[in-house]
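Common to both upcoming complexes is subunit A, partnered first by subunit B, then by subunit C.
Then we have the complex of A and B:
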């Protein structure tokens, strides 16, 4: 019989707001550009890390979501190789892919930049979280059209029930570039990360199932 | 407990369009790496492992319309088609899943002059995957793993876990990436590309050689589909992170060690000396090969014969874990150790046992590893 697993905390970042366990903890006016919003929201966390400001848009989003999500968690109880991270998104690293392509498309202004190129892989956002926190457990980056909670639950439970991890940071971190020539004028970003473990620990203790994860992802809990 | 078997496989690379053709070429010491001066790919001449694209166009023309598909989509379709031909698996039911692994998929579509008739939506990896799914009339929504250079092994690990959990009976795992100016210029900007064909684990190694290709393995829980003397199982697998640097590997090898350790524990390997051989990542960068030698030492694997296949195929990115797994599986079936092309003199700190010549030897198991940007590592354990 498969043991129950629990969501012990979660963070959502969307529409210029940061929510921890369903409560808005930071918000900017709708007119605020993503870049200003995400930097201000990060400074608001009083958790200085200069490398944050060098990250691309997608990594900043995942990184901040994780900082807020783990704020009151028991993550320190776990060893470095017991902490897993599974992230899904729809657009991979296409935002930075386009920025990188801009550095090579014009042969008269050809300046491929390694510090941009490295962010043309979506799993770099997982790497950034691991580096900051010293997490060395299981990693997986998956691409799908929409958030796929069913797959996420299967994968997280599989790790926890087969001793591959003792807790799992899991969710959906999507950033799609603003397209000047399209109807879509502002970037579409949407981030949701939760901490899954067998223990009933933390602020929320929501049993992990599709209905519950959908509720909290849509913030209708 | 459900066992996971390899039902069939295919490799499309510079060394051929089937697994057996590729394996034979490796065994005979042929490399697909050559010097090219295609300015669409690189401003300067580079060594790389290229597919013969006019042969792909001919082969694909027999299946479908060449103008409707991108290069990497053609590779996926041709490779999966060949793998499916070799097995009686029924793929039309809801117990079959498609998992694709790629780092950059259709990134060539960013160039406005390329594939002008093809919808730019297919830059989205899930759109590309849906197209492949529709081609084969598969029922389930496909999954895409895009996890740098461990994508291929991660996809095999995910497939194995989903079969063991009982959710699926069969998973088609296909990994592909093509050479583009995007990828080549990026690795050039890192000064990571060797001016010569790469020399994994060698004292004179000075960087990677890039390659392109596609590999497909069809995994199944049904042993009846496989001939008795051809059964290869995926016993276990794991992933990990170095938590060290986004573009450089760990200095200690502890991240890769965790993935190997977790993989061998899952397979209940009590005596590491029973491992037939290791197929390492072996990119031939100074730091990667050094890191791997340390990880193998931490895991007590210094005596085990180890190869890198990058000297044959180059580094095929999202395809590498799958192509190199298939060569390793065929090495097991043929009881043959495949040497490390380009290797002459050991150039890593730890004394690992790099395979330098073809050797016939009874082999029962092999460990495949990979590591990549973002500090990611993966390991998979195969057995007869």
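Then we have the complex of A and C:
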């Protein structure tokens, strides 16, 4: 029998705003560039971590979403190997892949940049979260054209109901590169992470199902 | 030498994204790895790229790396001694 699971907290970062459990906790003017927005939003959390500034755009987004989402959570109740992470996105690490390619495409200026190269895999964003928090549970990065809550719920419930994890951080973290030669002029970013547990705990306690997760993802809860 | 040290500090802050630091925050004599600036192995590779890209210097013997990259001053001394 599949036991009920619950969303005990969630964070959304999009349109230069940070939302915790549906409430806007930080926002910048629409004209603010992504890079300035994400760094200012991180500093606003007063959670010093110099390595944040070395991360690529995608990892910064996932990392900050997780920092905010775990605020006031009961995550400390769990052991490091009981916490799983499942994240979906569409553009993989393409933003950074292109930046890295720029460092090697000219044979006369061939200087492969190691600090960019290390971010040319999308699951590095999960790694950054795990390194900071010491999480050692199951983790997975899924590439999907759009947010697929059905798959996310199935996988999270499978982990929780089969005792592979006691809680699961799950969601969608997407960063699409600004393409100056195309119509897309601004980077498209959209991040949503929620904390899923078997027990009712935390600020929200929303039963995990497709309808509810769609509501909170669209911020219509 | 002091001009080169200042230039190196700015280059390292920029290339390694040490956003919370200014050149004045970095002690030119302090170790770059471990207790000092706290750089990691990826940063070490980035320092090698800076030497090649900006100063046209390649470290031929990897064993020399530890000594060259000990501090900002040791890097500056290496550049001064080897730059053509």
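We adopt the following convention: the second predicted complex is superposed on the first by the 221 of 221 C-alpha atoms of A that agree within 3 Å, B and C clash if a C-alpha of one lies under 4 Å from a C-alpha of the other, contacts with A are read in each partner's own complex, and residues count from 1 in each chain.
Operating definition for what follows: contacts are C-beta pairs under 8 Å (C-beta built on N, C-alpha and C of every residue); 3 or more make two chains touch, one makes a residue touch a chain.
These numbers come from a predicted model, not from an experiment.
In the superposition on chain A, no contact is made by A:214 with either subunit B or subunit C. Contacts of A:39 after superposition on the shared chain: subunit C is touched, whereas subunit B is not. Judged by the touch definition given at the top, the superposed model places A:53 against subunit C, while subunit B stays out of reach. After overlaying the two complexes on the shared chain, residue contacts for A:114 are found with subunit B and with subunit C alike. Using the contact criterion defined above for the overlaid structures, shared-chain residue A:154 touches subunit B, although it does not reach subunit C. Of the two partners subunit B and subunit C, it is B that touches the larger number of subunit A residues.
Common to the subunit B and subunit C contact sets on subunit A are residues 112-114, 118.
Residues of subunit C touching subunit A in their complex: 15-20, 38, 42-43, 45-46, 49, 52-53.
Those residues of subunit A lying in contact with subunit C across their complex are 39, 48, 50, 53-54, 109, 111-115, 118. If you check the complex, the residues on subunit A that touch subunit B are 80-81, 85, 90-92, 94, 97-98, 100-101, 104-105, 107, 110, 112-114, 117-118, 120-124, 126-128, 130-131, 133-145, 148, 151, 154-155, 158, 162, 164. Subunit B meets subunit A in the complex at residues 43, 103-105, 107, 110-111, 123-127, 129-130, 141, 143-148, 154, 158, 161-162, 165, 167, 181-182, 185-186, 188-190, 238-247, 254-255, 258, 262, 266, 372-376.
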